[in-house]
């Protein structure tokens, strides 16, 4: 039984880790931290977990965390890069759901997150936790940088075409839409029901923190720099990301569908839909799946890839558990087998 | 006082015409038809109009309609092209909210709507009712083809760049999102609360009826064929369209914001937002406005235009009233001056 | 032209005052205060008002406010009772949308709001601003205490039966449901999209601040103490209140429908629906109407009254404008005539 | 392994049975019928089940169904009463999710459902499947009438007080609110996103089919006729029922909380919340739980019980699986252990 610690358990990704781990046969949460809620039972904050979770929030304590086999950071950026190295040195394996170890270049990190990186020595040892790209290195990793939600949906969508050399390295467009839970469980005006409800908008058009992560990831897949324009939008729904990806086609391509099916044939959490399908975000709600469909535009100019995930699962906590499973030699799907919830 | 007839008043665009005309100082609905609901008061079907509308549905009758000055068709495609010519010949001016007279080539119409066009002779006399493009011809028109909702948002967004020669005529992308009212007031599975709610999806990716209308409109604006990839999406909200438009830039453009501001300086219903803005669909809810913002993507490869309308107003009934105002020499803004509703 | 001041214009009721007054023929906002947003244009905070409102927030200044004919307080409780007396003494007429002057007994105020009342001398001079109950006194009032949202819907629903002596003075139940905007435009966890969305709950069951206001109002109407159990609930919608009222019936009553129709025959903002109707909150969205239907329960034990309002209009800013109209001798309906918005 | 048949698998309760049974260790769906969709894979209709369900719809065939151990009817009323007897005679055990066998008096059935009962001989042998009331008889039942969604929430809420003689048998009020999925997966105008969204209404106030079922159930619990006024409402959310129950109190009761806790101490699917709690429907989303809290009203006149369930699970398919577990001697919780989903 893997002893799990969760640092920063009061947000949506923390709660989702508790929900998923409650169903995991080989892992058990032994430490759950929150400075602010120390002393409170988790199911007092999250009544849906009553009967499924006995954990009590406690103030973060390095010694307690060092008693864990794996520690998840479900904290805002800036925390893991400070606290993780000590745990790593003690042999704890760390999965960071924040952005701290996603960008390999500390200068880029500083540019987008406004902080000097506190542990640049760990940046190159961190493994970017997208199993479909780097499964073998994740198995051996001591520190996994769990990908962002948008970057997960976007990379999995472009990947087969970039790997196969069927996509150009410029002119790509990623028009992405996210449910409001992507903004976290924070009392912000823009996340209010009456601000986000019954409306739709783009945000961060001129620059969003997930853009350099996407560009870095696509560059690795393609083996060279990739230019992609990325626009995130806010959808009046709770969970879900829908990425609509545009790949300029110099000439007609017959092999779109087959390229995707072949690439993901053995992936447990990527479902290539039949030709002509339009995946809905609800079809992956509560699950670790990414569903993908590929089309050609009516004007023939673009291949269009539709890629959907649940931002709190494959886009955060589910992928983190998937990474934990790999790191500990378990069945990659452990704890992640429940069907999605619809309607 | 203009005597107005509405053919097919039971759908959302019909109800919206009634709501807008109830506030119009110079127009009065004298005939309201519905074969199915003949005999029913409109406010029995639409209780929000109690106290604002005395109309009673009646079966469509040509003689009754010929007594009107203006007749709006708020019918599915296929009806107006059959019934309008007789009214036109009698001197009635017609504003068709359906697709029947939007596509100038009857072969294209047949390809996308599956019907032989019943009145090809009127196709070339119909004026496409986008006042920002063709105000003067609308004033004189006997038959106005009121634009589709997506085409309105998309054309107004691309227009300043195409007119100014700042956009290429290929590689354009229109990623569009619509509220569910765009699907009409029809009992369809896909429009159910539990099917469209708390979820997001694309539809019609490989071909949607608004695509040829968009291509035709952009071609006219640009003075030659324009290739545009168009993907519509369904948003769990009631009203609103958000078009996110990608224009490949061969080189940096300083004049984006100024180009838009200049082009729309005198347009009563187009609001160019300040640089950096992200218009929300709710900011135009219930109003005839189109709000637009323009950005440059972080990778510098695209100008990105954000264009929002209320699909039932500027995307349908409001634009129809705007066209009626032009056709009858009224203040273009009559009946359309109430502020949008938010939250 | 009435010169209007609004104190505390950054919340939803403030924004709604601006929207309604923008359509008012005889009133003009000349002072708009917000300590926090001083210097900002109102339409920068509320883009839906672009083109309809030139106001700029300024820090509250007594001299500036004294130049107004009428001042609305759209502030949290505790502000108006401190600032209003000075304005009143200067001859300004005040409409307080907060709770400060609603409860006539300062001890009850203190019990429920936790504050010593700062202006008890004005409590008895304040007129409770429910025009359907007290129109004539409102006309003469210098200070109007604008009713709460729940109390408006509940009082208008019980009123005809209590006045006619057809309802007992005990055993009443008011089961009420409100959209999320009732909680105001404040960054609170419970008002987040992901907390209030796709869910339903009761709150404040053992005691809510609107309960003593309801009890006081019903007592006045009935001419003696009335016992009512009141439970508010939070609905995942933006605007709207639905009150479901249960009146124990000792014996069958034939006169339910007629009693309501008679009582409200001349009220411009109360619409008694036909027998058998079920008013929807959206049927009054954006309007100052209260729609009411009355039923008998299947077990015959209760008369059941359904009463709906838009909490931001008839439940707050619209009723405030209605009160202003009365106070200044205008047509009571001025600025409040636009039809509701549906869908 | 229990061989399961599902008759009428295309609605929401059918899909939910498939979702729950996909996680059941001891049951397997071997026959899934739909006249309309015969030949279609279930996961083509329900893409969220891709990878979790291999079933293919087939036309209903008695011989095929007789090969099952248990058959669920997820059909509209009128079907099970015709088809079930033949299966029952063949030894198949039947769980009917429709209303056909819920009302023990065929005259009452006819009054509310408009049909002569086709199998009155089975009415008295059918066991009403509310395990918290009748667990032992369910174990032995050949035919279980699975309770309606509202009746489940209402009966579980009133039960402890009625059983303990702490509630009167008249003057009860059940004010109930349901998500839209309660209306089923049928293309009906009133269930459209744009009709049910961002609005709230009551329906069926003067009489709803669940009222006689509630009255019958409460009568059995209380040991004599119970008068209850029942008002259902439609909430703009997908899943969930919230029952707000009013019990007139002749005198103060100290034992409310303890009465509930004692009664449900051993119930696996009823969670009595701490004193002062307000259960949210989302706290039981996707789970078979009923969460209950009990309060006293501010005026002291009523005990107020709040009872929430997921209408598709404890209100339909989950309770059906719970009943199957009891009938086949399995752990009552089999297949029903996944935690609820929030946010």
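Some observations on this one:
Going by the order they are written in, the chains are A, B, C and D; count residues from 1 in each one.
Note that a contact is a pair of C-beta atoms (placed from the backbone, for glycine too) under 8 Å apart; a residue touches a chain by one contact, two chains touch by 3 or more.
Model, not experiment: these values are computed from the prediction.
Using CA-based centroids throughout, the chain positioned farthest away from chain B is D. Across C-D and A-C, the chain pair carrying more C-beta contacts is C-D. Our note on geometry: chain A versus chain D, Cα centroid distance of 37 Å, whole angstroms.
Annotation: 45 Å between the Cα-based centres of chain A and chain C. We define each chain's centre as the mean of its Cα atoms; on that basis chain C and chain D are separated by 39 Å. Counting partner chains per residue, chain C has residues 12, 179, 181, 185, 194-195, 197-198, 236-239, 279-280, 282, 285, 342-343 touching two or more of them. On chain D, the positions that touch chain B within their shared complex are 12, 179-181, 185, 187-189, 191-198, 236-238. Considering their complex, residues 170-171, 173, 175, 177, 179, 194-195, 197-203, 205-208, 211, 215, 227-231, 233, 235-240, 242, 244, 246, 248, 276, 278-282, 285, 295-299, 301-302, 304, 306, 308, 342-343 of chain A touch chain B. The touching residues of chain C, counted against chain B in their complex, run 12, 15, 19, 22-23, 46-53, 181, 185, 197-198, 238-239, 271, 273, 277, 279-280, 282-287, 289, 291, 338-343.
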